[in-house]
Amino acid sequence: MSDPASEPAGPRVGLFVTCLVDLIRPSVGFAAVKLLEDAGCVVEVPAAQTCCGQPAYNSGDRSNAVAIARQVVDAFSEFDHVVAPSGSCAGMIRTHYPSLLGDDPEYGAKAKSVAAKTYELVSFLTDVMGVERVSARFYGAVTYHDSCAGLRELGVKQQPRRLLATVTGLTVQEMSEPEVCCGFGGTFSVKYPDVSNAIVEKKVADIASARAPLLLAGDLGCLMNMAGKLRREGRHVSARHVAEVLAGMTDTAPIAQGEPVTNPGAKR
Amino acid sequence: MQSTAHAFKGNAARALEDRQLQEALANVPKGFVGKRAEARARLPEFDALRDQARDLKNHVLANLDLYLEEYERKVFEVGGKVHWAASAGDAREIVLSICREAGAKTVVKGKSMITEEIGLNDHLEGAGIEPIETDLGEYLIQIRGEAPSHIIAPAVHLTKEQVEADFRRLHRDLPEDRRLEEVDELVAEARSVLRDKFLAADVGITGANMLIAETGSSVIVTNEGNGDLSQTLAKVHIVVASLEKVVPTLEDACTILRILARSATGQECSTYTTFSTGPRRAGDPDGPEAYHVVLLDNGRSELLGTDFREVLRCIRCGACMNHCPVYQAVGGHAYGWVYPGPIGSVLTPSLIGVEEAGPLPNASTFCGRCEAVCPMRIPLPGLMRKWRELEFEKVPPPFAQRFALKSWAWFARHPRLYQFASGLVIPVVARMAGKKGAFNKLPFGNGWTRHRDFPAPQGRTFHQQWRNQKRRRARS
Amino acid sequence: MSPHPRDGRDAILGRVRRALGVGAEDAERRVAIQKRLYDHVRNLVPARTKGSADDLIKQFKEMLESQSAKVSEVGTADEIPELIAKELRDNNLPSRLRMGDDGFLVEIDWDRAPTLEIERGRSDGHDPVGLSHALVGVSETGTLILISGADNPTTLNFLPETHIVVVRAEDIVGPYEDVWERLRETYGERAMPRAVNMIAGPSRTGDIEQTIVMGAHGPRRVHVIVVEE
């Protein structure tokens, strides 16, 4: 091997872990790190991060949203790119920070620059890093839910499907309406639990109709909602973040399932 | 119309329990959503037309005063009369006085959301004039004493069995052996009942999809032809329209027409598009003898000066509600006022106040599909969020909610304490779940766990694990 | 008629101007608006409206058929009486129709179908069949343009259960915008006939369970006859 010092270092990527991955499912964060490193990035995880501020922003609490946004901007402005394993959080930074902080004399320019270099994980891999394939294996069929913010704010649609198509042994079986909201909506699921439930009920029926044993998506919020419903209804569909499959890190238990379900074909 | 928007949550809960409603609502995505997508695919210029329509309406709004003056002048020139109504009450009075002057006993109405907004029917009835809705859907809900649940398919919440029962109850001359099981039999029955009403009516009232400043024309778009019969047969035609319906030219009207029906029903165009310009002319064998336009403000001029100006681009196609997961789940009545779905969630607080309609802009997952399909590119989720911000300032949320949000925000703004606290709590929560991997009950989240399990944390937080890993890497 | 109409008008326009931050005497804006009203520039016109005359006729026909109208083509206007007589027989309809004073329709040699009874003037709702002559056919959406007046009374478009509409092939245009051009030639700048009815097939409703049914209030059947010559 040549001297690492002479190798041109890859871009420095600040990983925005997202609060849900941090608290509920760290394995998604490690899968993201692996995918980014495999793509040649130098990954750092700034300690001064908590949440993107959406709970405040979407509750109408603009002042807290602004304060949190400033904090994120400060923590991430030094990186070449900011990447989040979530279309929702990446969309918050990329499309909403400029309007939150745009007029802020101190933060306006900085916020726009951070926004412009922030990406959702999978689309970053394909669209920025030019990743065309992954080395993972997964034997079985999956179905894919397009999370709303990733799909409509960031245009994430084909990218995960393109990479999933390169996973050895994996086939994607589409549900009939992958672009329909799962009913999570962050604080919406808490404020209007019954309406949220009516929406996720239809969603899991559609998921089940795809006849794939595993549901994938790019946002942990939606996944927790759908996985929680699938489990409650006793449906035989597990759920994972797409990064875990793309990184070949599927030895953890699926979301909302305690006993590890071993996938004999998974890469060790 | 009396609003129940403040009670959205209760309205929604009842709607979710209503089996007939749920059965009827299942038709919405099957019909409108798929047909719109096909219509869009057939017209490659569709999205470019949306951009132009947005710019066109922005131009109109920026010059609304001048286009309204031009429009009024042209209506006057062709022998029509324009009445300006500052409020719903003014509009009601104006319409009533025209009807009285015409000696009207019955009034036939084309479909008009504006007359719903001003509560016209009750007012006319109170004055002894019988208003008859002639759009089939509007007729069905009028005989039930209900409000529309959709702006283009007002009776979308009803099943054909309900319609049959209503006809059997209310149409007195109906023989018992008359078959009314199928939709076409129901339509034929309504047609024959309403045909007599058209021929007998003294005044016809319609809304307007557009008003054209160039020529003083009003435009209505229908599939049934009821709007045309309403305005052609009666002696007097009254158009009730809000200010923002004006467009500059006939060419501009074409741009809107090209996106309207495709967005609404997925048709290439509606069956009938009618441009009406003034009353009957010399030598005309038919058409109304008098032509009145009631221009309604009702709060719109105030909106022009606010962030909510964009909502005035709306052409009332209904695409936002057709595609809304919340609307699809609860239907239109849950929204509690005239305009349901995402457009209602923005418009209702604008017109009747956020104190009354506060729940509506909150009742959205922000999935963004409404904005994605809106032909006029109205940023509906962004405007709903704006209402949430104004509501947050004006009407502080209940204590528990405020406390939860405040404490969360405090921690979120103090990363070190946040990570310290989450590092203590999360592993404990994970251990509590044991091997189950999820909770079926949570002390503070019973809204969630009433319907679904809550996934348990895996164990230590990502930041804890990352710090340890870094330390290990540094040591080795 | 209304309590204080001028108050309403001036108050509303005043509020609009305050909200927009503009004055009433804004010469620059006024000039721009007048220009726009008289220039009536076309916005984006879909490419499907461009094509040879034959293409447009074909599109017009296909669109109308997809909208549940029936379309027939005849070489000359004199073929129309027999075609209509046969059509009415085939549909078990009385051999009776009503039309206005339209020059093109009046000129037709109706004696070619002696059984056909023809009435003239507006409809009172008791006519089974109405006959009209469309000024223009718009191919982009298969739409007939009917103009109010004694020639083609508007009531004929909506009251009879069957509506037969004659349109000359040479009057079939691509986009809606061509209609306005024709109307401005006839009626002048900034003027319109009382009613311009765009009709794209039979009356329909989907108001009960989104099931489409023809003949909601207007005609159940629309039969379009395109005359080549």
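Quick notes on this structure:
To keep things simple, chains are lettered A, B and C as they appear, and every chain counts its residues starting from 1.
Heads up, the rule we're going with is that contacts are C-beta pairs under 8 Å (C-beta built on N, C-alpha and C of every residue); 3 or more make two chains touch, one makes a residue touch a chain.
What you see is a predicted model, and the numbers here were worked out from it, not measured in a lab.
Between B-C and A-B, more C-beta contact pairs join the chains of B-C. Legend note: the chain whose CA centroid lies nearest the centroid of all displayed protein CA atoms is B.
As a whole-number value, the distance joining the C-alpha centres of chain A and chain C reads 53 Å. The centroid of the Cα atoms in chain B and the matching centroid in chain C are 29 Å apart.
The distance from the centre of chain A to the centre of chain B, with each centre set as the mean of the Cα atoms, comes to 33 Å.
In chain A, no residue touches two or more other chains. Taken in their complex, chain C has these residues touching chain B: 1-3, 5, 8-9, 11-13, 15-22, 24, 26, 29-30, 32-33, 36-37, 40-48, 63, 66-67, 100, 121-122, 124-125, 140-143, 148-150, 153-155, 157-159, 175-177, 180, 190-211, 213, 215-219.
Residues of chain B touching chain A in their complex: 9, 12-13, 16, 325-326, 328-330, 362-369, 371-372, 385, 387-393, 397, 405, 408-409, 411-413, 415-416, 418-419, 422, 426, 433-438, 440, 445, 447-448, 450-463, 465-467.
Residue ranges of chain B in contact with chain C, taken from their complex: 24, 27-28, 30-32, 43-45, 48-49, 52, 56, 62-70, 72, 74, 78, 81, 83-86, 90, 93-94, 97-98, 101, 134-137, 140, 153-156, 158-160, 163, 183-184, 186-188, 190-191, 194-195, 198-199, 213-217, 223-226, 228-229, 232-233, 243, 248-252, 254-255, 257-258, 265, 267-281, 283-287, 295, 297, 301-306. Against chain B, the residues of chain A that register as touching in their complex are 17, 19, 21-27, 29-30, 45, 47-51, 53, 55-62, 64, 67-68, 71, 75, 148-149, 152-153, 179-181, 183-186, 188-200, 202, 224-225, 227-229, 231-232, 252-253, 255-259.
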